[in-house]
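The block underneath contains the structure these notes are about, expressed in structure tokens.
We just call them A, B, C, D and E in the order they show up, numbering each chain from 1.
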Amino acid sequence: MHLAQQQHTFEPKIFAFVCTWCTYAGADLAGTSRMQYPSNVRVLKFPCTGRIDPVFILKAFQQGADGVLVSGCHPGDCHYIAGNFHARRRFAVFRKLLEFVGVDLNRLQFSWVSAAEGGKWVEVVTDLTEKVRNMGPMTEFKELAMEEQWSGAINTPELKEAYNAI
Amino acid sequence: MNDTLKYAYYPGCSLHASAGEYDLSTRELFSALGISLTEVPDWFCCGATPAHNVDELLSLSLCAKNLELAEQVEGDLAVACASCFSRLKFTQHTLEENATKRKQVEKAIDAPVKLDGKVKHLLEILAKDLGLERLAASVSKPLAGLKVACYYGCLLTRPTDVPNLDCPEAPTIMERVVEASGAETVAWTHRLECCGANFTLSRPGVVLQLTNAILDSAKAAGADCIMVGCPLCHGNLDIRQKEIENVYSAEYNLPVFYLTQLVGLSVGLAPDQLGLNAMIVNPTPLLKEKGLL
Amino acid sequence: MTSTLIETSIYAAISESIQAEAKRILSDGQVSTIVGYAAARRKGSAQPIVITDASDAQKLIFTPACVNNLAVYLTKAKKDIPKKGKIGIVVKGCDMKALTGLMGESQLKREELYLIGVPCAGVLASTFAPSQELTDESLAPKCTECDAHLPTGCDFVPTETPLTPELEKKYAVEIARLEALTPAERWAYWKEQFAKCIKCYACRQVCPFCFCEQCLCDRNKPQMVETTPRPAGNTAWHIVRAMHLAGRCAGCAECERVCPMDIPLNLLNRKMAKELKELYDHEAGFEVTEKGPLTMFNEKDDQSFIK
Amino acid sequence: MKKKKMLLSQETMDTGFIRKVETLSDTSVRSCFQCGKCSAGCPMATFMEHPPNRVMRLLQLGQWQRVLAGRSIWYCASCETCSTRCPNKVHLASIMDALRKLSWDAEGPSKESYVQLANKLFLQNISSYGRQYEMRLAAVFNVKSGQFLKDMMLGPKLFAKGKLKMFQRKNKNLTEIQKIFSRIEEMRKKGEAL
Amino acid sequence: MSRIGVFICHCGENISRTVDVERVARDVGRLPGVAFSTDYKYMCSDPGQTLLKKTIQEQKLSHVVVAACSPRMHEKTFRKAVEAAGLNPFLCEMANIREHCSWVHENIEEATIKATEIVGMMVERVKKNRVLPTITVPVTKRSLVIGGGIAGIQAALDIADAGHEVVLVEREPSIGGHMAQLSETFPTLDCSQCIMTPKMVDVANHPKIKLYTYSEIELVEGYIGNFQVTIKKKARSVNEDTCTGCGVCMTKCPQKKIPNKFDQNIGMRTAIYIPFPQAVPNTPVIDRENCTKFKTGKCGVCQKVCGPGAVDFEQEDSLIVEPVGAIVVATGFDLYTIDEKPKGSPIKGYGEFGHGKIADVIDGMTFERLASASGPTGGKILRPSDGKEPKQIVFIQCIGSRAREKGISYCSKVCCMYTAKHTMLYHHKVHGGQAYVFFMDARTPGKSYDEFWRRAIEEEDAVYIRGMVSRLYQKGDKIVVMGSDIAVGVQVEIEADMVVLATAIQPQKGADLLAQKLGISYDKYNFYSEAHAKLRPVECATAGIYLAGACQGPKDIPETVSQASAAAAKVMTLFSKDQLEREPIVARVREAGCVGCFACKKVCAYGAVEEKEIRDRQGNLIKVVAYVNPGVCAGCGTCQATCPSKCVELDGYTDEQVIAMIEAL
């Protein structure tokens, strides 16, 4: 299947927060191996998954991300001894919180991708992109932002008229 | 280089029996090329495989005796049969390396062992002593269009460091000789595989299986015929070819020439000078088809 | 349906014990200051008080209206408290948990405190008048889930033992209800709740764990969280706050009590506490620990959610 | 025998036999490190119950009874492929020669009699005639092995082609050959040769 | 306003084939703050870098983004170039449009859009980049070496010979380690003690080496260049300064039947003892557990016979603090035993070999002591059970090693070679004896190693049998070995007089505890982890700590010595500077906002976060805040993600930079 040649009505925006030592290097390997994957992903490099603040995920969704990937070193492989272990707890809890406020966790993927796993990087990115594509756009946070613009819904005939007149 | 090459000639038992055409064609070819062959007087059987198989000392002694006899004749020793060639070379090699065995052999033949004389297979004489250029110059009827599968078998080249005829795993000497005669050669897979000659008497079933694989490979490579330098290989490939075709339901119809027969043809010798009529698989249709008769 | 009366008759005796103890420790100079509850102007109501003189000890009371978590006065508001000597503080079991957490986070030192524990059967919900009888209906929701009626690790605790009937756990029931919904339904629920928020930050002000000098959500370089009181910023604020309290909040529910817009904020905190209990068997506030659940790890932690 | 457990001890491992083989073959038995290349290339391996590498292994452990009992050594075609390709310069074909010789001497318990018979007749021919007498060799073999009709179809054709001679001239110097046979026998009796 | 320069690299055709680089340059040129943008064939080439430098100066650029390959490839290159042009190197960022874009996408339109976005993201990021000064920390030019085996000795001598002081700490009463126990060494069969003891004496006499034997590491504080190490010197009961090493005490000691650990407990020693005659220092130690004086209060013979009066029963453990700049860890190995292991331990014993209860089943190290001329049998190979010479001896390789079921999956690396050596020693010492070796694979990579192994078989009569032994059991005074020769395909049974097991190499007991004190990582077997398996094999991830020898993984002597010298070279590299420079990607605390909850300290794996008191001018304590020691901080940023008020920030990866990137997309 050739992804690039398929026509899609919706191209999701995927943010990937990755550590520089494992997953970033794994993505580099996918490149040097000339593997192909959807171009939707934007990679943000961090020294370690331990540096990745849950607020960044929230911010990403607010900025219009349809899916977020957080990826780092396998347990035991952390360049900084234990950053990924701290990250694992932090995100285990944060995803539960997001779930509770109504975020569909299918949009948020965590993975361990080592510097040797170019293939796994491709698989993870492709899977998330396809999954999110099928789910459609992430509207929740965007709608909130829209509401800010209008300090309320256009729910009266007067407002509608005024709006249409613009 | 001396214009007249002179050799002592050791035909071996088979050339005086089942491989008479090899002996005949050798003598005719060499005389046509101006090479002198003088048969070693009263030579003995070299012992061949059966002797070294069960009694190496006997094998060495027989060969040492023959080497001693060959000393009487001027020139290096020319050998036609691959098996005799192998045994004689082995004897020289072993006795040079192993002083104990050398002493035992000297005792058995009651004479000092002489290892100075060179033992040469006919191929070596044609390719090196005479030289491919001179050989090619003698060709009057090039074997144009004839696709030859050169079959070395086991003993011409193996093992490393003993016959020293050519590379043991990728020899080309037969191809070079027959190409000098104007023939084409084919690249094929089984040219160094064993035909099982040792079992031709005792376990013919084994021989059929091994030889069939060789014929099959030559045929698959598009050969018109096979060229050999050993009467034992010839026996299996030629004499048993019909039987193999029957047993394995195959059709090969591959004439099996001695190298001297093919080279002889190219220098213009007549079929009866080369003993072509002694071949079991009739070569006449092939040679006629190629315009070589 | 008739409501169940919660027995509070021991509160009077407790008040007397507190007064006596306060008088004693202030007189002999064991403490310089005591933070406690005193009667307020409205009938039956109570308010926090800071006393430094033994003669003020008789002002101290304990009633079902003593809802405040006084621990907050030892963090943000501690500038109002004289710095000399030990500080005495009147604490309910739930407030004690906050103190325990603050000690673990280097905000308080046990040796600088004199803890006057209060055996407590429960306090009034903020939606009821202070003079109201304490029943299972008027009881503060957090008290339905209370597991610390008797505070532990205090310097002084009156001997009275409260009667504590088994009640329906109000937050657990609500969390279960929300969990059973679809993500879209939950989103709709919280969207409505957060939309009400006016960003008054009363929740932050009253929380003993919001002790940061500069809140992340006030920063504008970079602006991590929208500061405007509009839906997007409100949602972000409450999510970030819940995350920051995860593993620390022990459920005093003051945020929810003081919220002028009645946003069920403690629900988020209880949900986080529930998850931390399930994931790492952690319950906040029972003992002073060197590290909290999110500042430590175990190599064998669950990672079934990670590919 | 083949599957029976090996009890290894200095008594059961006949190192004297290994030395004999090494002397006869002039090659080191212990150099073999069991890479298996000999068995990989042996044209006869499929006919053997012990492939060449296992023959070497049994020999290293001094288990000559197991080696000689099998027909493996008699099914060696002496094609020299193993010797040519051995990474350790083990001259396995020569070791096979030595084993056959020792089996022959021990009137070995091998089941393989046809090959042995053919060899025996071949050597007899040499001592009787000086050279091979192919016709007689085949005929006597067929009689002795009880396969009277073997290769009967080939006979007339070969005869017609002049490939079979009815009579064989004996070497004039036949006595010299016979002396070689007898001198070797004598040396062996005296223990001067193996 | 920033004046950002953007340089889009074609990378030959590697990028320009799928990314329309000119369009990217044009589009990003319109972004606010971008003063200059261009594309170029090869940015990393000499002319490419010259273009970069020239443009920085001509255009007076404030920041640079190079869109090319992965920063893992060329970030250093371009930052250097930027620095040469007079800009702080950390004002340059790379946008990865090759590995993450042109190589993984085929559609030109998609790849071009993506590349533009990636570059745009980096443009927004670089705007928030700050000038970062290089960090320097002072270096104490003294080194600690932990472990006095051949690794520690070699490292200590190398460092000391370079003129730096070395503190060498050894747990046992003498240095020498396992190598001193060996009889002869492969592949040359030279006597271990003959080559070892001169080095031990060198250590003792070296003016730059301070030797602490019978001592252990108690506490390690500090960071690279500036460690404070507390050493516990155990009470020796003999004064090292006054003892002359005459040895009278030992000859007179009435307790003579104490198993000597150095002789694998087959030889005996006295209660006051040196483990072996060539011990360094040559000062005895009293084994208080077995000394009559300490047990009953009566005796004291040693004290009475000691001329210089060196015996001191009252001596106590003492603590010494040594400041050092670097630490070489060379704690070596221990041997696996086939005994039953306590429940819960991941390592299991060998019930099928009798759990160590058959007296004449010994391990390789015991065989070394038997074969050693200075060993308990004077170099004769004799059975522990009855002192008879074993006529049939069986060696079994891979005991514990490569046995996942037993809890160890790695190869111990040296057993193939030392077993071959054992068969040779046996062949030389026991005439008419026969050695058998059961092995699965012979692993002999190393100079002259395979030849050595072949020699054991081809010249020294060892019979090697490929196949693991299934079971051992005692039958009369024989040990029945049940194996199989897999080359033949039949079972093999040998009635042996003695069985020698090539047991696995494991880290020293307590290796994990020491690692925790040092703050270095270790694997599941407790072998210490190097910073990079291939490219940084002698350094720990923790800066300033280096590894030598088998504490890192199984190693033979030449490898151990090589690594020890390599570790010493690393230490000397560190000591070649007075000040230590390091990349300034470290965390910093905004003290004004810090409330001192120390969540950052709790998550820091390096112990880089300290508590700092803030006082007013009168000296009154205002508050306690976190302080990140830039010499120790490794720059992971876990502290920042944990800090609730974000009062600790990782330079180079600040929230501002991250949020700018997110908002750019």
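Quick note on the criterion: a contact is a pair of C-beta atoms (placed from the backbone, for glycine too) under 8 Å apart; a residue touches a chain by one contact, two chains touch by 3 or more.
All values reported here derive from a predicted model rather than from experimental measurement.
Q: Give me the chains shared as neighbours by chain A and chain C.
A: E
Q: Over the chains that touch one another, what is the least number of steps taking chain B to chain D?
A: Minimum step count, chain B to chain D: 1.
Q: By C-alpha centroid distance to the whole-protein centroid, which chain wins?
A: E
Q: State the pair of chains with the top count of C-beta pairs in contact.
A: After counting contacts between each pair of chains, the winner is B-D.
Q: State the chain with the largest centre-to-centre distance from chain C, centres being mean CA positions.
A: Of all chains, B has its centre farthest from that of chain C.
Q: Once you find the CA centre of chain C and the CA centre of chain D, what distance in Å lies between them?
A: 99
Q: Once you find the CA centre of chain A and the CA centre of chain B, what distance in Å lies between them?
A: Chain centres of chain A and chain B, defined by C-alpha means, are spaced 78 Å apart.
Q: What's the distance between the Cα centroids of chain D and chain E, rounded to whole Å?
A: 60
Q: Could you state the distance in Å from the CA-based centre of chain A to that of chain D?
A: The mean C-alpha positions of chain A and chain D differ by 77 Å.
Q: Touching two or more other chains, which residues of chain E qualify?
A: 603, 642, 655, 659
Q: Pairs of chains that touch, anyone?
A: A-C, A-E, B-D, C-E, D-E
Q: Give every residue of chain D touching chain E within the complex, in rising order.
A: 2-10, 13, 28, 30-31, 33-34, 53-54, 57-58, 60-61, 63
Q: Taking the complex as given, what residues does chain E use to touch chain A?
A: On the chain E side, the touching residues are 70-73, 96, 98-101, 103-107, 110-111, 113-114, 117-118, 121, 521, 541, 585, 603, 605-606, 634-638, 640-642, 650, 653, 655, 658-659, 661-663, 665.
Q: Which residues of chain E touch chain C in their complex?
A: Those residues of chain E that touch chain C are 592-599, 602-603, 624, 642, 644-647, 655-656, 659-660.
Q: Within their complex, state which residues of chain D touch chain B.
A: Chain D reaches chain B through residues 23-24, 26, 43-44, 47, 75, 77-81, 83-85, 91, 93-94, 96-98, 100-101, 104, 114-119, 122-123, 125-126, 130-135, 137-138, 141, 145, 150-151, 153-154, 157-158, 161-165, 171-173, 176-177, 179-181, 183-184, 187, 192-194.
Q: What part of chain E is in contact with chain D in the complex they form?
A: By the definition above, chain E touches chain D via 391-392, 432, 434, 436, 442, 454, 457-458, 463, 465-466, 485, 487-495.
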